[in-house]
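Each of the next two complexes has chain A plus one more chain, namely chain B in the first and chain C in the second.
Then we have the complex of A and B:
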């Protein structure tokens, strides 16, 4: 055992045993963040706070929720909403939080795409972030099933049915996932397990990986500038704080983040208290009925774009059925963002508006995602079906075109 | 490079034990999620179709799935290989789940067709897809004709003949 000298204070006692001084330096006071950033760089902290809010509100819901098809609906809509003191508040926080967390995830993600924060050493930040997006999607989907309303049931039905499109094993796989021939009690209970334990654990682990991945390539900045962090950190520590291009994570960067967080929380609790209805679909206040499909099924707003890609292909092309094409397109849409670091062949790490070709691609993608989102909510009939088809094709084409566009851009700017 | 030391041997031995244990656990985990025996042995559904009204959809439940039974009216022609003859009348007997993503299509008796509200698919009265994303006709469940009753879940001679004609699906 190492030698311990008598500690002079409580702080020293803990420091001897846990290395608090060193730990705080590495994690906070000597973790360097560039100065040249704006409020969009606060989204990571916002997401961490949102995840915590979801976790805590979830704990309170968990104490009264019953994962059983005969009890689930009433445990949510009667027990939690009407009997438990402030149960309604925890439910509304949880539901609005699930929606808002995706809003911030999308802002975070498209900030990364706009500023090229996924390449030249930052690939693992991007990939771990996309993994978090997939895990949050799975978390959102599994949680949506739990109130056991009509939308819960039919969303579960349609999404698990998607796996039936996998060749050969599809049919058996769907039965295996559901634990029955249809969405039933076994399905509800296993998705409850996934929602409250397995996926949150995976999310926590991936958050750690995501933060860790930032340590070596460091956070990107507004101009995509690469500089020597050690040299800039030294300037700061030597007292040349104005000259230095970096600030410590704590207290300098976080104090600004808390300011943004303050505004965000006002917005979040404004929604929670006064506009929670957008996250509470009225159809889901009818109890699940496996024999009655609601007239129109649609997912929450954050899944609409990929849902529209799924149903955009409604007719056979070259002997491949519309269903298969839709499933392939859907699978591609889920995976294609992972490939951003390799599809973008331009060496430029600059905000999109300074990139001669990429800027058109970026805004084209934004418009297309908005069109997909709007039409994902509309009934897929007549003209709507064709708009859905065109925007789905556009989405896929954009990613096929990206390597060529960025390659040409690389040539034009001469490798800078 | 082969590690021939004793530590190398211990490493390999542990690797082998862990691999066997890992595969065994994976099998156990996979089987835990399989449908339970009580689910697998879910019974048969018997329906008396003699009293049904023509051109009005009857829905019964079999294995948690809605089964459409549609008695044809005089102006509806039976389709060879899809329509079921029970007594003097023809019927459509089909799993009432859209072959696209499993929603339940609604029957429109004025147009004598099925319309799926989810993704806009349409089927004729005998269950053949006519518009939209459904890749194939509505599925026909195994049935046996017993007088004027249908036994769902049992493969009768009429069902087997129908499947043989359809190419043994």
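Then we have the complex of A and C:
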């Protein structure tokens, strides 16, 4: 064991044992971030803050929530919303937070796609990020079931039913997921377990992986420029702060994030207190009733685009039923973003608007996703169904075309 | 500045998406209906009726075309006979529908005209009391006149299907024209003619007093108006109105209020259990309730819930009560919200100043 000399201060005492000095340097004051970035690079920190807010508000809710189909609805809507002091506040923060976190995730993801931050060494950042997206989706879905309102029940019913379309094992799989033949108490208790324990644990672990994956390739920048971090860091430490292309995570990078966070929180709290219906659907204030199908069933807004890909195929093509086609398209939609680093065959790491072909692809995708999202909520009748079909086909086509488009782009720019 | 431009692009994309999935989608899923109308002159009801019958006629006409085509295709004699029968029926429907619809529309218009006329008459309280004592208290209690219900709620529910409400506040909470209409023909006033159609074989538990002269009905209304009920204010008034108007069918669990009619009796009487209204201010919202209570059929065609004929003030009380019970933290939410936003604004500005200071060194 190393020799420990008498510590002169509390700080030193801890430093001897935990290496605080070194730790802070590595994590904060000498963790280098490029200077040439904009507010979109603050989304990661916003997500970290949002996750913390969700975790803390969730703990308060957990103290009063009762995972039982006979008690769940009232434990949320009466006990928490009316009896517990500021229980309503935690519920609003949690429910609105769960919705807003997806808005930020989407911005974060599409920022990554726009600036090409998923390739040339950043593949693991991307993959871990997509894992977080999947985990957050599972967290959002399981959480939405807990208040046991009409939409909780029927969204759970419809979404679990989707798995029934899988050949051979479908029927058994649905029963396995629900723990019963229909959505019931056992479904609620298992999704409760997932929501409050298993998925949050997995998210925590994956966030650590995501951050770790950032260490070696470093964060991308506005021009997709690759440079020598050690040399730039040395410049900074030597006092050439203006000339250096990097800044330390603390305090320089974070000071900007705090500023962005402040205005983001203003937006978030406005929604929490004054404009929450989009996140707390009124229909869900009707108690779950398995015998009373609501006129319109739709998932939370952040699932609408993939839900629409599922619904888009509503008729048989080449002897395959619409249901099966939808399921296949849905499965592809879930997985395809994972493949971005390999579908993009162009060597360019540049903002999309500076890439001759990719820019069209990117904005096309944005428009298509918005159309899918909106039509995912509208009743799938008449022309709506056809718009859904066309935009689903477009979505799949975009990803089939991506390797060819980017390959051609690579040729055009000649490997730059 | 470049970053503001990016922010603007972001705001546009998010704004379009939001517009599509909230205001636009809701508009598509719940097309607007005629707003609540407290005139009680039957105009909206008749317009709705005429529209429904027109739709029925279109459907029937289509059916004739369908059956005719079927008949042309059919080869088997037996099938032909069956289709011919259906065709005859459809044809006779097409032939008679316009006439029946017109007659019924006229009948309803006249009905409300009479009710309006009745309500305008000067009533005689003494005569009204005689009529009420002879006709109404067999079923209804009138606490304000010292005449409570003669039998228990359970027995009343067993006899009439639903507990007849106490009439003490009837003249305050129900519109006078509605009340006159209701006494003359409850089914017409409540706009539940469909449920109690001659073909249904059902009879409404309260008789129609259409044998009474308009003057006599006006006397009954005058007597009910003369009853001195304790004037309540604010929340107490809201609660009392709710219980008098809705309490025979609906519970309000979060206020520990149970419907006076037992739940299983209600299910038999209504064909469906009236929902507990604790959270309906949230699930339906004030706007929907405002239109729905005034005329349920306009929003939920064929619903078992009757029109209850409240005055605008009484209906306002009912909705206020639903909000007091369903969303009691609203005031706290708004005031805390304002403080939180003010505090966050300070935080954001400090964040901005701090960022300016730090970044001035590296730029």
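To be clear about the criterion, the second predicted complex is superposed on the first by the 416 of 416 C-alpha atoms of A that agree within 3 Å, B and C clash if a C-alpha of one lies under 4 Å from a C-alpha of the other, contacts with A are read in each partner's own complex, and residues count from 1 in each chain.
Here is the rule we use: contacts are C-beta pairs under 8 Å (C-beta built on N, C-alpha and C of every residue); 3 or more make two chains touch, one makes a residue touch a chain.
Bear in mind the structure is a predicted one, so any value in this text is a computation, not a measurement.
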Worksheet item: What is the contact status of A:326 with respect to chain B (first) and chain C (second): first, second, both, or neither?
Response: first
Item to complete: Once the structures are superposed on A, label A:379 by its partner contacts, choosing first (chain B), second (chain C), both or neither.
Response: both
Worksheet item: Of the two partner chains, chain B (first) and chain C (second), which one does A:123 touch, if any: first, second, both, or neither?
Response: neither
Discussion item. Taking the superposition on A as described, I'd like to know which of chain B and chain C A:162 touches: first, second, both or neither.
Written reply: first
Practice prompt. With the two complexes superposed on chain A, say which partner A:296 touches: chain B (first), chain C (second), both, or neither.
Written response: both
Worksheet item: Of the partners chain B and chain C, which touch A:30 in the superposed model: first, second, both, neither?
Response: neither
Practice prompt. Quick one: name whichever of chain B and chain C touches more residues of chain A.
Written response: C
Item to complete: For A:179, select first, second, both or neither according to whether it touches chain B, chain C, the two together, or no partner.
Response: first
Item to complete: Share the list of chain A residues that count as touching for chain B in one structure and for chain C in the other.
Response: 295-296, 379
Fill in: Residues on chain A engaged by chain C in the complex (per definition of touch)
35, 38-40, 74, 77-78, 81-82, 88-89, 92, 103, 107, 241-242, 244, 247, 251-252, 255-256, 258-263, 265-266, 269-270, 272-274, 277-278, 282-287, 295-296, 301, 304, 366, 370, 373-374, 376-379
Discussion item. Under the stated contact criterion, what part of chain A meets chain B in this complex?
Written reply: 154, 157-158, 161-162, 175-182, 184, 186, 190, 290-297, 311, 313-316, 321-324, 326, 379-381, 385
Item to complete: Please give the residue numbers of chain C that touch chain A in the complex, ascending.
Response: 2-3, 6-7, 10, 13-14, 16-18, 20-22, 24-25, 28-29, 253-254, 275-276, 278-280, 282-285, 328-329, 332-334, 336-337, 340-341, 344-345, 347-352, 354-355, 357-359, 361-363
Worksheet item: What does chain B use to touch chain A in their complex?
Response: 30, 33-36, 39, 42, 59, 61, 63-66, 99-104, 117-121, 132-136
